[in-house]
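In what comes next, subunit A is part of two complexes: it sits with subunit B in the first one and with subunit C in the second one.
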Partner chain A sequence: MFREPRAAIVFLAPALILLGLFRVLPAAVSVGESLMGLATPPTAASEAIGASINAGVGAAAGGPTRAFVGFSNYRHLFTSDPVFWGSARVTLAYSALASPVTVAVALGLAFLLKGSDRRRSLLRTACFLPSAISMSVVAVVWGLMLDPYYGLVNSLLRAIGLPPQPFLNSPRQALACLIAIAVWRNSGYWMMFFLAGMQGIPREAYEAAALDGASKSKQAWHITIPLLARTVSFVLVSNTAFNFLTFAPVFILTKGGPIRSTNVLVYESYKSAFIGLDMGRATAISSLVLAAVLLLSLAELRLTRPKHEY
Partner chain B sequence: MSGIPSHANMNRSIAVRLAGTIAREGLFLLLAMVYILPVWWVVASALRPASSLYQYASPLTWRTFVPSSPTLSNIMGIFSKLDFGRAIANSALVSGAAVALGVVVNSMAGFALAKFEFPGRSLVFLAVLVAFIAPFDAIVIPLHLVVSRMGFLNTRAALVLPAVGNGLAIFLFKQFYEEIPSEIIEAARVDGASWFCTFWRIVMPMSIPAAATVVVMLFMFQWNSLFWPLVAAFSSKYRVVQTAIAMQITADEAHWAYLFASAAVGSLPPVALFLLLQKHYIRGIAGGGSRSETAGRDGVDR
Partner chain C sequence: MKRAIALSVVIAALALISLPVLGATTLEVVWMGWPKNLVDAQIEGFRKAYPDIPVDIQLVPFNQLFQTLEVRLASGHAPDVFIVDGPLTASYATRGYLLPLDDVFTETELAAWFPSSVAACRWNGRLYAAPYATSSVGLYFNKTIFRKYGVALPSENPGERLTWEQAAELARKLTIDENHDGQPDTWGLILEQSDRPYQILPLAESRGARALSADGAVSEGYITSPAFIEAATFYSKLFNEWKVSPKGLLEAPVAREYFGCGKAAMMLGAEWNISRLAAFKDWEFGLAPHPYFAGGRAVTPTGGWNVGIGSRTANRDAAVRFLKFITGRDASIAWTKLFGNAPARRDVYAALPDVFKNPMWQVLLHEMDTTASPRPVTPGYLQYESILKDAFNAIQFGADPASTLESAARQIDRDLAKYR
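After this line comes the complex of A and B, so read on.
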């Protein structure tokens, strides 16, 4: 350790300035802006006040005059905004389903593909590959695959004698389709975390179990899974936070529909900001999402703080 | 039970083994199909004449996955008709800039946190951790307000600058530098090298494994992001690959052949970079993410 605070500051400054401007400030602006709203009625006097407040940060909307309205954006969201509640429900359902399924698939893949033979290592790369492809391309590809008329998946269903499905055109299936797409894209990524965790388990543990006559499945259940519990919970939490912020597939494939069945919060906030031009509502939703994700991530930090012990 | 196993038992154990092998091979085949076929299908379809796209998507035949008369016309088409070349150039420019700046800025910060003792150090580290966990996509809308207020909305800088400072990258560099013995740095200092010189000549050249992870991470993040470019750089002059692709499908009449072609071409750079730096990258994310030291020591892909 070197005790030269001045050098340390010089090394730190660029990163801290960038993080401050583009992470911390926006988070603060989000909260500040969510306390602003339309000044009503738009009289000349209030317009003057609004203009002076607009000289603050919120001039971007450029719309009607804005003023400090306290928590009324939040109050409105919670008491009389069924679209918000619907969106919150959709987001919760999406993360609550997508995360455990992704973790289960990733864990299964890790068990199946651990080992060093060439086939497994190729398959590991194949499973990881979708994570290198952008979510928008993945969404485009699956949109084409799930096309009700010409899509590959329905061709497959027809080929094995099953009736074709409407998939993304159906309010009952659209969210499930988005979840399947997320699982396909992300399971390989998280599989790598489990493989890394499995490598940390000492071989002696398995050797001892094998001497006691434990079968492979018993070893997996009594040694691998418990020793991997920490990694599993870490992946589960960070994946949940990740899923909370889903935007690209909704924007590209469903626009929140059909009948708002895929209208996740980040998309609702985007619509509010850039289509409804209601920055107060948009930033109130953003702030709530940010708070939820930060809470999840604090849990994540707690889970990972102590070093792993195997 | 002891002694020689009976015939029946032996046959059973062979049957069980056989069933296990068949099940495992079946699973492998299924996995390969589920993970590779969609990607393969996109590439095959991108190389198919636009007129015969629908013909082979349904019903399913082997021709669905093998273009009978491959053509580059779709790929040429996205460049000549959709200005995809500009999108590629823009993406390459902003991703390259973000990666270059990001490696320098974050490695410097990681170095300071790993090797210097200064007042408020743990506070700064906490701030970095918070920045690491405060996800970018959650602050896109207020970030748009901030950038617009600073007056550089709809420029290339708006795409690059917010992506440079990265808490996870700082964290990965810090972890890496903690392993470097301070004596090497001390020796350079005793020889009279400035801090800048020491960092540039001694520390940076040793950072390649950590830098490789950060390069892939920042590149993939920048190349693949859609939400921020969508709101920060809306003019077609600055359009990047992901927004160009998204624009096509949200257009009233999606052109399948061009969609396939742009999806295939647009995914090439991150996939190629990933395949190239795969080992480093996986070691980096798996080790840094779950903080299991063993991952850093051993890697996944032995």
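After this line comes the complex of A and C, so read on.
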């Protein structure tokens, strides 16, 4: 495969080691943890803890004993956990809307803003800027602007004679607001990938089409879009994974509410781990999210496999 | 290659030099994220008294404090000393995270605190923390707004306590949309902690409900009792039917700003607002006793912060010194002057007559003596509180009180089962 396998390994090693240490290993630990649960009857456990404190061992016992419980955490999720199912629906709705809309907006922006004149490059920078701001800052600022009582957006709505909206306070609008914030923040970023992809398309294709009398829109439809398939595929897959793992805006703006309307799986897993102190359920959820992202990515890669190579 | 070796040597040397700084001698303290300059002033006091004990104080904001502590405690990297929310003391003690302190304080030393504050530090007959602050809640009102709209001021006399029905009536009168844009410019009543059980549970208790079974293990039948649901329905009406409270005003500091800037006529709020509200010069404020439901009894929130020592500390002596300093008389007096918490030590009240003769404090001191009801004690308090908070939050946004509380009870009881 490699002409110099040793050199390849040496060059890849740092990235592989870091990937293994910070991505693969935690994922594996999490999957392992999802097969663990509470075992001994807690009365006995609390006595054991009392004894261990007396012996000076302290937190070593740290709560009821854990043991291997097989797939019972998963069984519970699938058979008798309506909160999990609600959360799964919210996550799917979020991804199913946020990902295609982001890709469409990013592609649209790329078409509008390709080219090298000054005005376009200024606009490109403006579109890219939101993605350079930390998601936490974005969330806080949008939270202020969307405040139902004193926010800027409602002031604007009132100024043009429209009724004020509850936005993040409404179980029907909150998820849509989060999607809009995600699209606003991420479209400029993915636009850059499309612009890069467009630059990779050979000029000759356009010249030949122009000679044959194809209009600009025909060229876009028959040349640019088919030849961008590889980029679209990459952006769609990355963006779907990214949206599936959304946490910060939910944590900062809605805490999963109102009435669980924005309770995405990653946030539910976080709550389960650090508030419910139920690591088994938390890691089972995160393992399922991991599996879902893998499956979705494979499906998207297959569906968007490019028909044309160049 | 030579440069790489030299670089490694430098890095290794730096690592060796920095080891003693991070070593066992530095006392690691995790503390509530109160304004940093105020906490720093307290810590400076300790550094002056014990120059030989280096302290690393880590401030964590209220909203992240319990989760941060949870992660650190569960991972075995507990700080030497940490601030403990009153009702979480039992939870940490059951799981072996706190060092028992029975031999640290004499009976005479313990007598300096309110008995209820010391009781909140005990679990299964042992002392696991020292009291730092307690708390109380009353009905603040903006006298200027009441006068402007010709509404009679509520009485500040505990004998003439408003019922919740009367308070809601006042709130309806004072929810005012001056410019007719569909959004109130003045809200009738806001709750400082609008979805936290600390402030909402006393409503249910005033109706005669209990928050949890006596053994702290069951919520079904308690938070789903008719009395509890009636109280939750009243709470829901404030936001959804009468619309006298803004939905989603969930952060206490923001609620205080609303009230301080005259955007609300009344605020159910805790004692620390007494000193804070002095900063808002444009308005005149008063404090009425906590309302109660007609036919029920007066109940007010209480409870506060404790200070504990990690059970696996390697700095036991230094940790005890810090604990005794920070919960001692002098530091408590300083903290009361700086922040305005209700101190858990009785001697502070005698030492600061000027602060506590304020009529607002007098109302709250009366509540602390007569109507205060601590939150339920259970090893699963963190889960109990969090699930109930989500339920109140949903009810605030319009969810049906009965079914929301039933679903919360099922979730809570599943989580509490592990302690049974």
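Throughout what follows, the second predicted complex is superposed on the first by the 251 of 310 C-alpha atoms of A that agree within 3 Å, B and C clash if a C-alpha of one lies under 4 Å from a C-alpha of the other, contacts with A are read in each partner's own complex, and residues count from 1 in each chain.
Assume contacts are C-beta pairs under 8 Å (C-beta built on N, C-alpha and C of every residue); 3 or more make two chains touch, one makes a residue touch a chain.
These numbers were taken from a predicted model, which means no experiment stands behind them.
*Asks:* By the touch definition at the top of the document, which applies to A:Arg119: first (subunit B), second (subunit C), both, or neither?
*Replies:* first
*Asks:* Quick check on the superposed pair: does A:Val266 touch subunit B, subunit C, both, or neither? Answer first, second, both or neither.
*Replies:* A:Val266 sits against subunit B, while subunit C stays out of touch.
*Asks:* Have a look at where A:Pro14 lands relative to subunit B and subunit C in the superposition and call it first, second, both or neither.
*Replies:* first
*Asks:* Can A:Ile275 be said to touch subunit B (first), subunit C (second), both, or neither?
*Replies:* Touch partner of A:Ile275: subunit C, not subunit B.
*Asks:* For A:Gly257, is the partner it touches subunit B (first), subunit C (second), both, or none of the two (neither)?
*Replies:* Touch partner of A:Gly257: subunit C, not subunit B.
*Asks:* Where does A:Arg158 make contact in the superposed view: on subunit B (first), on subunit C (second), on both, or on neither?
*Replies:* Both partners.
*Asks:* For A:Asn169, is the partner it touches subunit B (first), subunit C (second), both, or none of the two (neither)?
*Replies:* second
*Asks:* Count the residues of subunit A touched by subunit B and by subunit C, then name the partner with the higher count.
*Replies:* The larger set of subunit A residues in touch belongs to B.
*Asks:* Going by the contact rule set out at the top, does A:Ala208 touch subunit B (first), subunit C (second), both, or neither?
*Replies:* Neither partner.
*Asks:* Is A:Pro148 touching the first partner subunit B, the second partner subunit C, both, or neither of them?
*Replies:* So A:Pro148 only meets subunit C here.
*Asks:* Please identify the positions on subunit A that touch both subunit B and subunit C, taking each partner from its own complex.
*Replies:* In subunit A, residues 57-60, 149, 154, 158, 274 are touched by subunit B and also by subunit C.
*Asks:* Given the complex with subunit B, which residues does subunit A contribute to the contact?
*Replies:* Subunit A residues touching subunit B: 1-5, 7-12, 14-19, 21-27, 29-30, 33, 57-60, 109, 112, 116, 119, 121, 123-130, 132-137, 140-145, 147, 149-152, 154-156, 158-159, 184, 188-189, 192-193, 195-197, 199-200, 230-231, 234-235, 238, 241-242, 245, 247-248, 251-253, 266, 269-270, 273-274, 279, 282-283, 286, 289-290, 293-294, 297-298, 300-301, 304, 307-308, 310.
*Asks:* Within the complex, which stretch of subunit B touches subunit A?
*Replies:* 24, 27-28, 31-32, 34-36, 38-39, 41-42, 54, 57-60, 64, 104-106, 108-109, 111-113, 115-119, 121, 124, 127-131, 133-146, 148-150, 153, 161-162, 164-165, 167, 170, 182, 185, 195, 199, 220, 223-227, 230-231, 241-242, 245-246, 249-250, 256, 259-260, 263, 266-267, 270-271, 273-275, 278, 282, 285-287, 289-295, 298, 300-302
*Asks:* Of all residues in subunit A, which touch subunit C in the complex?
*Replies:* Residue list for subunit A touching subunit C: 38, 42-43, 46, 49-50, 52-53, 57-64, 82-83, 148-149, 154, 158, 163-164, 166, 168-171, 255-260, 271, 274-278.
*Asks:* Of all residues in subunit C, which touch subunit A in the complex?
*Replies:* So the residues of subunit C in touch with subunit A come to 66-67, 70-71, 73-74, 76, 78, 94-97, 99-100, 124, 181-184, 246-248, 310-312, 379, 382-383, 386, 390, 393-394, 397-399, 407, 411, 415, 418-420.
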